[in-house]
Amino acid sequence: MFAEYHGWIVESQTHADPQSGRFFMRQETLAESLPFGINKLRQQFEPLAQQFDMKYTITDSSVLKRVVILVSKQTHCLDDLLYRWRSGEMSFDLKAVISNHEDARGFVDWHRVPFHHVPMSADSQETGFRQIERIIDQTGAETLVLARFMRILPAWLCEKFPARILNIHHSFLPSFAGSNPYRQAHERGVKYVGATCHYATEKLDEGPIIEQDAFRTNHTDTVEELICAGRDIEKAVLARGLRFHLEDRVLLNSNKTVVFD
Amino acid sequence: MFAEYHGWIVESQTHADPQSGRFFMRQETLAESLPFGINKLRQQFEPLAQQFDMKYTITDSSVLKRVVILVSKQTHCLDDLLYRWRSGEMSFDLKAVISNHEDARGFVDWHRVPFHHVPMSADSQETGFRQIERIIDQTGAETLVLARFMRILPAWLCEKFPARILNIHHSFLPSFAGSNPYRQAHERGVKYVGATCHYATEKLDEGPIIEQDAFRTNHTDTVEELICAGRDIEKAVLARGLRFHLEDRVLLNSNKTVVFD
Amino acid sequence: MFAEYHGWIVESQTHADPQSGRFFMRQETLAESLPFGINKLRQQFEPLAQQFDMKYTITDSSVLKRVVILVSKQTHCLDDLLYRWRSGEMSFDLKAVISNHEDARGFVDWHRVPFHHVPMSADSQETGFRQIERIIDQTGAETLVLARFMRILPAWLCEKFPARILNIHHSFLPSFAGSNPYRQAHERGVKYVGATCHYATEKLDEGPIIEQDAFRTNHTDTVEELICAGRDIEKAVLARGLRFHLEDRVLLNSNKTVVFD
Amino acid sequence: MFAEYHGWIVESQTHADPQSGRFFMRQETLAESLPFGINKLRQQFEPLAQQFDMKYTITDSSVLKRVVILVSKQTHCLDDLLYRWRSGEMSFDLKAVISNHEDARGFVDWHRVPFHHVPMSADSQETGFRQIERIIDQTGAETLVLARFMRILPAWLCEKFPARILNIHHSFLPSFAGSNPYRQAHERGVKYVGATCHYATEKLDEGPIIEQDAFRTNHTDTVEELICAGRDIEKAVLARGLRFHLEDRVLLNSNKTVVFD
């Protein structure tokens, strides 16, 4: 169909999954190369999609995704994303930063991004998450980024944003799920330590993996040194995962991802 | 002491473990640079060791370690080690190859290395392992290499060769312990797949890790492609781990290793 | 067209090069899924190709490529390729091994592959290359692999096999072109050392790069240790490059490659 | 000597260079474990050093190094270092940031670090560098970091700070020295693109290499995408190189480095 209209296909990727028999495709077309706009495109595409029984999304890359970042005391991932956002390296509409601590306020303020402090003690979790939901709703955000947010999201919140909440876990999943992964890795004596960006689901640390990476370690590294070195890999993995998500490169295949990078 | 005798220290590494309070050291000295032989060195070193309460080993790198390799149907690791052995890239005294299958015989024969076939059906495991023990005993080998040997060693055999049985596990431990790790990895949808060289202990896949590595994968890889690509990382990780072991670079620290590479 | 016939597309990749305005595509289709054979496919495709002014090749992956390997004294790449070939990991029709030395004969013989010794002293180069050409011609080979063949191919031979001679250079090109790259790397004190698989052209070490990789090094490595460690990366890079070539994944874009891996 | 006083050696590394016959050593000792202070240590060490003809430095890791950062329009490395500095991840006394552009002022101001704008047109280079020298002299800095400072330092300035000016070059040296390395890399069609942290000397891009790294690329990356992805590797490589330098882990061996990491 694009060939018919001589559309300039910037990128096109497909994947045929022999197990599920499903076929995945992503196509990026130069808007100016088509003789009509995105609404006409949607109209023309719909019958084709029905004919081949496709599930599809057509997005306009000039419309930025609305993002809310959640963070706790560790701000390295937030700071990294703020740099990429303000420098224009990554394009998204940053609606707000929410935290259960005050640490990040100063730096977020400097960026003129709304900062919301939502205190969450052990017995105010549910209240806190309801407040977080209201803030997100007010911003109209459709993507949440858990940039080292150290609270477990309730199932109802995960379900409200399916495949739209990105979490960074500080281990090479499925190794060392749960708390204190760097301590676990140190105790096991592994030779590489990693990080995982995945979609948050109600099952903690078990959502579809978007991106991972690891760095070499050895006997000389203490837990503290792993934590420190780990920050760099967490930043890199979350940034790459988020970029894939923002550019609509991530497609779900059951509990796995197809990433057209 | 080496300084006293103007010994030329080729390599010297130390590691102080703050948790256990233990101090580890490896020193490689040019034999010709000392005014006496290895026996005299041992005599002179012993009082020093007692004074500082050291556990130590003095080895002569010109005396090759005696090695037996165990393998099943998959021969890529064996073939790789045979290349490194015959080309002189790795120095060890290869005493025998033992297998529960016949597949490797022709290639091993060509190398003029004794090949022993020990059939092991489900109910002849114990008999088989007793036979394997006898073969090893006859060769006088002190190092065993499980080069994709697909049988679980009995506890008594592991205990007979503490920190001297090297196994290659085809996953990035502790992820995907047990059987069919590539299938497990494929089902989880991880973005890196790895291999682990560790000392075999009675607890399967839980021995001290010597070396690991991983390679990038994505949604396009089938289980079969992971298995194929995995061979290269298995070969590399086992070869590096074995080299560290042969050069006495691996020291045990409880269930972890100090690798002076 | 494939969609029309309900062909099952195993893989499909495209690349639009904005600089040259050229569009590249590779499509792998299950033969059984088409209602006709490869000859009919070629007939049907030709008018389409003419209409869109395509340069194209249709190959039958069940017809193996005919390969001749050239090697000198260093046999690690040859040995590695022989393993991959005999184990079925890589599929090609190995017609012959040619060497200017005798070292590889025994191992090649064991594989029942014809081995040709072509002595090449300083003043018999041209004669030697003419003899090599005759051997290749007799085998009908269309792909040559220089697996650490330490002679510079004459321009006329390179031109006879455009984009069908794969060379492995033991440096991370364009760093350290020419002779003794590991010595050059050691003298410069680089922190990574690599290898490059490229198509041989008349300009030494300047042909289109197919694949590269590198490994970490540091001040402790001697030139000899770099040479030794480098063997592993050379083997891996050449094997990957050759696999891409054998599976028709490499397309030329001037002096660069598009690799649909 | 440390053993004599039961000093707790945190780290100890040595390197014997067979080519130059030089012996390198770095030892990190816990101050509290010695029965005297650093001045007494220096006194006691001097005769030992003379006896063995050592060149040595004894530094107190609690005294921070004084650093001045130079930057042009690209601020990613500066921003990254500022994060590491303000979060306490890297410890140094940041005296000032100097730039030939105004871009970085706001962000530097927010950190309450003195910012100096030194305009440098084509014919005001020498004046500019004299002004830069004055600013550095006033701060008493002994370490300079060229965090993508796009001016070539004059020889007299390089010589004033031998092995104390760290530069980040955006290529995998010696590949693509000079200007526009990402464009050069794109034109050559390499499969990895890297960055190099080295000490600046009067010979541009030829100083001793401290640290390097590279990332995979392929035909789909445009020059702009290489520039963007390259920022991450530049940040990482400069940060690692600077950390090695700040912790006195880098020793010069002619035009190479010994890095005791």
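Just so it is clear, A, B, C and D label the chains in written order, and each chain counts residues from 1 on its own.
Basically, a contact is a pair of C-beta atoms (placed from the backbone, for glycine too) under 8 Å apart; a residue touches a chain by one contact, two chains touch by 3 or more.
No experiment lies behind these values; they were computed from the predicted model shown.
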Looking only at C-beta pairs that count as contacts, which pair of chains has more of them, A-D or A-B? A-B
Would you indicate which option in B-C, B-D or C-D repeats the interface seen between A-C, with over half of the contact pairs matching by residue number? B-D
Which whole number of Å gives the spacing of the CA centres of chain A and chain B? 40
Hey, how far is the Cα centre of chain A from the one of chain D, in Å? 34
For chain C, which residues are shared contacts with two or more other chains? 11, 220
Contact set on chain D toward chain B in their complex: 8-14, 16, 23
Of all residues in chain A, those that touch chain D in their complex: 11, 75-76, 79-80, 83, 87, 89, 110, 220, 228, 231-232, 236, 239
Hey, which residues of chain C end up touching chain D in the complex? 15, 17-18, 172-176, 188-192, 194, 208-214, 218-220, 222, 253, 255-259, 261
